[in-house]
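Should a chain be cited, it is by its letter among A, B, C and D, assigned in written order, with residues numbered from 1 in that chain.
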Amino acid sequence: MLRELYEQLKGRFPLGELSEKRPDLAFITLPREQLRPVLLHLRDQEGFTHLVLLTAVDWIEDDRFQLTYLLHDRQGARDIGLRVMLSRQAVIEGAPMESIHDLWPTAATYQRELREMFGIDFPDSPGVNEDFILEGWREIPPYRRDFDTLKYSNETFAPRPGRESQDPAQHMKAQLYPDGA
Amino acid sequence: MVSALYILAVGLGAAFLLGLLRDEWRAGAYGVSLAALACMSLISAGWVWVLASGDGSAVDITTAGTLPPYAINLRMGLAEAVLTLSINLTGLLSAVYLRDTMFNQGRRALAVLLIFTMAACGIVLTRDLFNLFVFFELVAIATGGLVLLSRDKRALAAGFKYLVASQVITILLLVGIIFAYHATGTLNIDGMAEVSSLVLKGGGLAFFLMFIAIVLDLKPFPANGWALDVYESAHPAFSAMLSAASGSAALFAADKLLLIGGSTWLPLATGIGIVGFVGANLFALAQRNDRRLLGYSSVAQIGLILAVIGQRDLLGDRYLFIAGGILLAHAVAKAGLYWLSGLIEGRTLTAWSALQGHPILIFAFASFIALLVGLPPFPGFYAKWELVIALAGEGRIALIGLILFGALLEAGYLFRWFGRALKRERAPEPVAVSSFKRAVILTAVAAGWGLGLIWGALSLNGNLLLAVPLLFAFGFLVLEPLSVQIKNSLAIAGLVAWFVLSLPSYDPLQLIFAAVMLIGGALILLASYQTQGRRIGFYPSAMLMYAGLAMLIVAEDAFGFFAAWESLTIGSYFLILRGQRSEPHALSYMVFSLAGAFLILAGFALAADGDPLFTLAGLKQVAAPLAPWVFLLLAIGFMTKTAAVGLHIWLPGAHAEAETDVSPMVSGILLKAGLFGLFVLFMAMGSQQLYGVELTHILLWIGALSALIGNLMAAFQEDAKRLLAYSSIGQMGYALFGLAMMNHLGWLMALMFVINHYIYKSMLFLSVGGVAKRTGTRDMYRMGGLITLMPLSFIAVLIGIIAMSGVPPLSGFGGRWIFYNAILTTDSRLPMILIFISGPIAFLYLFRLIHTIFLGQLKDEHRRIKEAPFWLVLPQMIFVACLMAFALVPGLALRRVDAYISQFHPEGALGWEGLTITSAFGYWSPISIMIVVGVIFASLFAWLVFVNRKAQKVKQFNIVFAGERPFRPETTHFAWNFFAPYRKALGFLTEPLVERFWAAIVDLLHASADLLRRLYTGNGQTYAIQLLAFVVVVYLLRTGL
Amino acid sequence: MTQTNEDLLDDDLIEHAPVKEELRRRLVKGPDGVEFEVEPLRDYYCEAPPTVMPAAYSKIIEGLFNWARAESLWILGFGTGCGAIEMRPLMTPRFDAYRYGIQWRPTPRQSNLFVISGYLSVKTLKRVIRSYEQMPNPKYVVGLGSCTINGGMYFDSYNTITRLDEYLPVDVYITGCMPRPEALLAGFEELKRIVRAGKGEGANQYAERFDWYKANQKRVIHDWDMPDYNW
Amino acid sequence: MSFEWIKIPYALLTLFIVANYGFLLTAVMAKIAARVGRRHGIPVWQNYLDLIKNYGLRSSITHGVMFYMGPVFRLTGGVGLLMFVPTLYGTEMFSNMSFAGDLILALYFVFFGSLGMALGAGESGHPYSAIGVTRGLSQVTAAELPFALAVYAVAVQYQTLSVTEIVAAQQGGILQWTLFTNPIAVAAAMLSFLGTMMRPPFDVVLAPQEIPIGPPTEYHSSYLALMQTNRAIFPIAKIVIYMNLFFGGAASWPAFFLKVFLIYLVSVIVGVVFPRFRVEQSIRWFLIWAVPLGVIAIMIA
């Protein structure tokens, strides 16, 4: 079902690969400059009227940020995710990303979050520079994988001595089967 | 005595002499003309003096040495003398005014002016028909010449149209004279009158032609487009002459002619006149050009006088007094206004705003308008009073209605004009500086006031200008150059002195009203000390209002009452107009008040049955079929002042936009005049029934509705002063309700409201005014948190709202207690429910008032505000003291009134034994309540302060805010749309239905005026056809009748 | 005890958290046309520091008061984390905390018990501190769940505090993730014992060590945008 | 009727009895409401504990003079109302300060406390206080109306405004009560009673979920203690009026306790069954259901 759509889209737009997760859920990787036309097409022609979420993944190993735009088609009961890869280095150096708040106003909130948590800038998005969840944050954005939260927590939050952390599976095994059966 | 013939001779001679002079000798020519005009005026003045003092009698002057009918004869009687004097003076003053123009135009123009004046005098003097025709021709030709004096290019066209029209007129006149001569064989008017049956034979075509010619010369509505063009485009000085001099002359001619026609032709004159009066005034509503507006007004006034001439038969020996009063007032005012318009560059009504900053010219403007409208103390007022009374005596109700309606229209556009001139942004062009012209205008003002004095003396009802309160008020006109402090002290002293002097003569009811109005007025005037400079115009207006109030209370006859009513209306109008944005509100106040006043006039006239000296006590004797109508007219008239619902739309704006110390005057005091009127009315007439409906029952409903709507509207206001204003409507509704209950306690409650409302509303207006002064806004949501900065104002408002809400222990509760006791004996229970509803609604707006101003969050820009000025706070504190005193011992004020009311309603008096006041149903002990509440309050307060002695004083943002902190005071102060849920539930009741109703009426009038005035195309041929059509229509109507 | 240098703290503030626009000094023009300066932090907020409030003069009265305080625990209705869900059953017929004199109040002014229900993010901590400071003395804090004790499962979060008593004086901790309503009731009973014994002096402790607490708070809350004590 | 000094200790005694009864009664009512929800509810002495606790709070703040005045106004309103109405019929001892005024005094004095309270709440500067007040005032305009009409009907019925005389007229058997002689007026008044007791469905003024408890948001410690005291006294003072007007008054303390309890119970029972109205809904409700009853009552009176 979604493959058909993919083929159809591919006829119009240069797209990347398709990754089907379920019959009604698939992800398409596509070049950044194709994002807006494809979104528009999906929204206006294919019935994907709902922006479910906009999120990012930090592929630190590949030096990439992956932006995922997840759309939902209510009539067809199907979801499609668009993946856009950004150069991580460029983003850190301040390269901007195009905002889609004019297509879905809710996108502004997601973009504000991404700006705060990953440092991906959407300069046109309204209120993107305001504090979203963090207030007075001074470090690098906390969702970047090069940010060490444990270290940060230990330095900042005065951990109570004597706390032990265990792997839950191991711990429960030891608790339930003390004799090691 | 110099023969009247010399008036004509001098004019003619001087005109000839001018022809002999050299062109260059302009000063000389001008001097000769002035001398001639002065000489003519002196001769007339001499005759006036002789005839008025009673030393001589009317004189017939025969020319050619033979008696009429063999020669032309002239007559100089009192009327002729006065009219020629007025004509000659107009000529003389216009000549002075025209000095520069005349110097340019030279001797020929002067000669034409002289001829014009002479001919107009001739029309007045001659008793010969053909001679009359000749003078008319002379006037017409001179007019045509004079019109050309204007620099206006349209003047040429206008002059031509005028000549066309006057040719038609003269032909009609000439044919008529020929027929008449043929029928009677004489040209002498008196001779013809003796044989009038001959003229009137055969449908009276001969007389009709003569009559219609004269009427046409009066520029009757609607066949007068040509004349309006002349008024609009001619030089203003000439328009003055045309309106004042030639209009007067032609009217007198019509009067003379009607001697021939006899009483059968009088209704026609009345008809044409009244149609002209109403129609021209209606058309004038849509005018934007000042001179054209004055032209319409002239047409209207002349129409009115023609109507009066038509009523000559029933006016008897007061005919000259009435017609003359209106005519002279019109002449002086119109000439003055035209002269005044010459000083002003622009031709729109708003261009008169150039007058701002010239108090003397504004005074002149105001005087002329008052003269025109017929307000006291000018002749038109006396004349209108006697006219309406006489008409009512004969049962000519429709005519009264039309006259009053027309007068209201006229007042409407004149005061609208005045308001614009005073309040609109000042026009850029300055007022022309010419001492000559100003002197002429001031002469006219003096003449107007002089006429007022004379007519007062001639009036049957006593001279208003000699009444001490009015004299005192007008005295402030002279004192204007003094500083505010001196004038204010004088005003206060005057009010107090008048109260003290009149004290012995007041009965308890009058005493209460006098105390509220005079002593109360003096108290409010304390607040006026805070203004600086000279405050020009304030004191004459304020004192005029107080004078009216003072006279109203003690008035015993209807005339005195009505005169006082109009005086206080005018005074308060000028007071209200002083506010910054009050122009439209002052106008609607004036229109409503005048409409009310006219209803009162009509009511009195109906009741008086032709007796101009009718006393108020006489209202008791009015008999059945008439009595309810009189009652209705008077009640509606008085209710315009108390702003009962339906008639209330003027109040909120007027009270809110007035100056700080004026608002309490017009709210706390002025509204009580209406209540006083209702008291007088109810005491005299009791309850009346119309078509089986108890009228007081309707008033009950109106009172209850006013209480409800007033309170409800108040709750939704954002403007503090508007809130108070609407609350006044509600409070007056309570009072009206009390009065209309027609029982002892109801009346007592109304009185209680008189006192209470005066105290707390004055106090609230002063404190809110002080706050508005300090904060620079009246919007409550822009204020907030002022309690620590303006503590005294806060205390005043606090006490005020507790008192007004009716919560014990303050005095408002007394009113409610009496109210409850009063309604227990009445059967009208349904309207009472409305009162019950409106009671708690008062809490809404009262809380809003104090909360949004003084409590809540203080704004950035108000952090350095100081307490209101001392002179604003002082009266407030006095009011607080009064309120407490009145709360403790209401008996001081009410006990005697209680006894007094027993005359009218013996049942239900209160008992005043000891500290407790008892009624038939319950009891009430103000002092005990105060003590009990006070003791509880004080001990609890002491306890709380003791246990909380270590409390930390925090600042305005130290509030719990759901873990957040407030952002800015503006976003934290809850004030805008304060009662949103209430609006959701009951907002439909606040639809401005009444406003829409009145707006629709005004729109209708304007639209019809706008549509109909297209009749005047500006085309000379059309005008000629209209003229002929008018003649034919009148003829058909006449023969058809 | 307090290692934090007052001056250093202020410098930190200035460097990292520019004063919010609405709190900046501003020039305003009064209605009379005179311009003057408004300093919001000074003009709109009370700057007085908290003081230690002594007990009642007489021991008997203080005893009476303590008994009343213990039997009349008014909880501020502020659920800071997921633990708030465990508070709701307390109002139901099954647990009915009202019979122990416990009730919920919607305003800190009328509450004397603050239940920190579960994890506490830095952002919430700011609001918690403000609300706590607005409660009248004496006031009690109950830490609910492991998160308030040592961070619990959020021990390594960049945004969740690991130890409540660094920032507020805590009277009772209730362990568990989540503690059941019964545990809460047991915790409240424990708190009552403490209060009745006159040991519920957290508020005074807070006032005494105010500088220390404030320094700790400001170490994690970088944009403290109020006067130090929120009355 | 006039003042004697002995009235002061008598009045204080009345006040003492009523205040204590009020504390217990409100607790019992809370318990009853809890029992409807199958809870145990608060102990009956809980009100005393809360009161002592509030006096025992050590710190307090003040927003200004009116902030002090608010609770004082409030409690003065409650105590004053109690004082102005005779508590027990036929005893000089418990007729209080009723010599100062009649029924009308009581009727208007009802507002004294709430208005004063509104002012105090206003000075705290808290927007929720003002919102609460606007809701309360808006609701009161419609809710008090049927009562006012009923009072009028009763006053006309007995041709007096004196509470004592109205009670006297109802003596001699239960059928003499206004409840039976003028049932429509009583019905109107009782609907109004529901609206003024600050219980569901008419408690949006306090609305704990939307605006933290409305006007008293900023009040705490001894301020709150004063208001709690009023909360015990004021409803009883109001119920005394209802009892005297419609239910034959009370000649002895046991009868007083019983009648007050039962009348109070009406609002509680209604309260536990119905959810909350918004302000404009309750205004409409009163105008549609209660006011017409009142109108009928005065038309047939």
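Keep this in mind: a contact is a pair of C-beta atoms (placed from the backbone, for glycine too) under 8 Å apart; a residue touches a chain by one contact, two chains touch by 3 or more.
Computed from a predicted model, the values in this text were never measured in an experiment.
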Pair with more cross-chain C-beta pairs in contact, given B-D and C-D: B-D
Centre distance in Å when chain B and chain D are each reduced to the mean of their C-alpha atoms: 54
So the centre of each chain is just the mean of its C-alpha atoms; given that, what is the distance between chain A and chain D in Å? 59
Between chain D and chain C, distance of the C-alpha-averaged centres to the nearest whole Å: 36
Suppose each chain is reduced to the average of its Cα coordinates; what separation in Å results between chain A and chain B? 78
Residue numbers of chain C (touch at least two other chains): 46, 107, 109, 126, 231
Quick one: which residues in chain B touch 2 or more of the other chains? 952-954, 956-958, 960, 962
Could you check chain D for residues that touch two or more other chains and list them? 55, 59-61, 212, 217-218, 221
Tell me the shape of the graph of touching chains, choosing from line, ring, star, complete and other. other
In the complex, chain D residues that touch chain C: 34, 37-43, 46, 49-50, 52-53, 55-61, 208-209, 212-213, 216-221, 224
Would you mind writing out the residues of chain A in touch with chain C in their complex? 131, 133-139, 142, 147, 149-150, 152-154, 156-160, 162-163, 165
For a test of understanding, state which residues of chain B touch chain C in their complex under the given definition. 774-777, 860-865, 952-958, 960, 962-969
Using the touch definition up top, name the residues of chain C that touch chain D in the complex. 46, 53-56, 64-69, 71-72, 74, 92-93, 96, 98-99, 101, 103, 105-107, 109-110, 112, 136-138, 203, 231
Any idea which chain C residues touch chain A in the complex? 16-17, 122-123, 126, 149-151, 155-163, 166, 216, 219-223
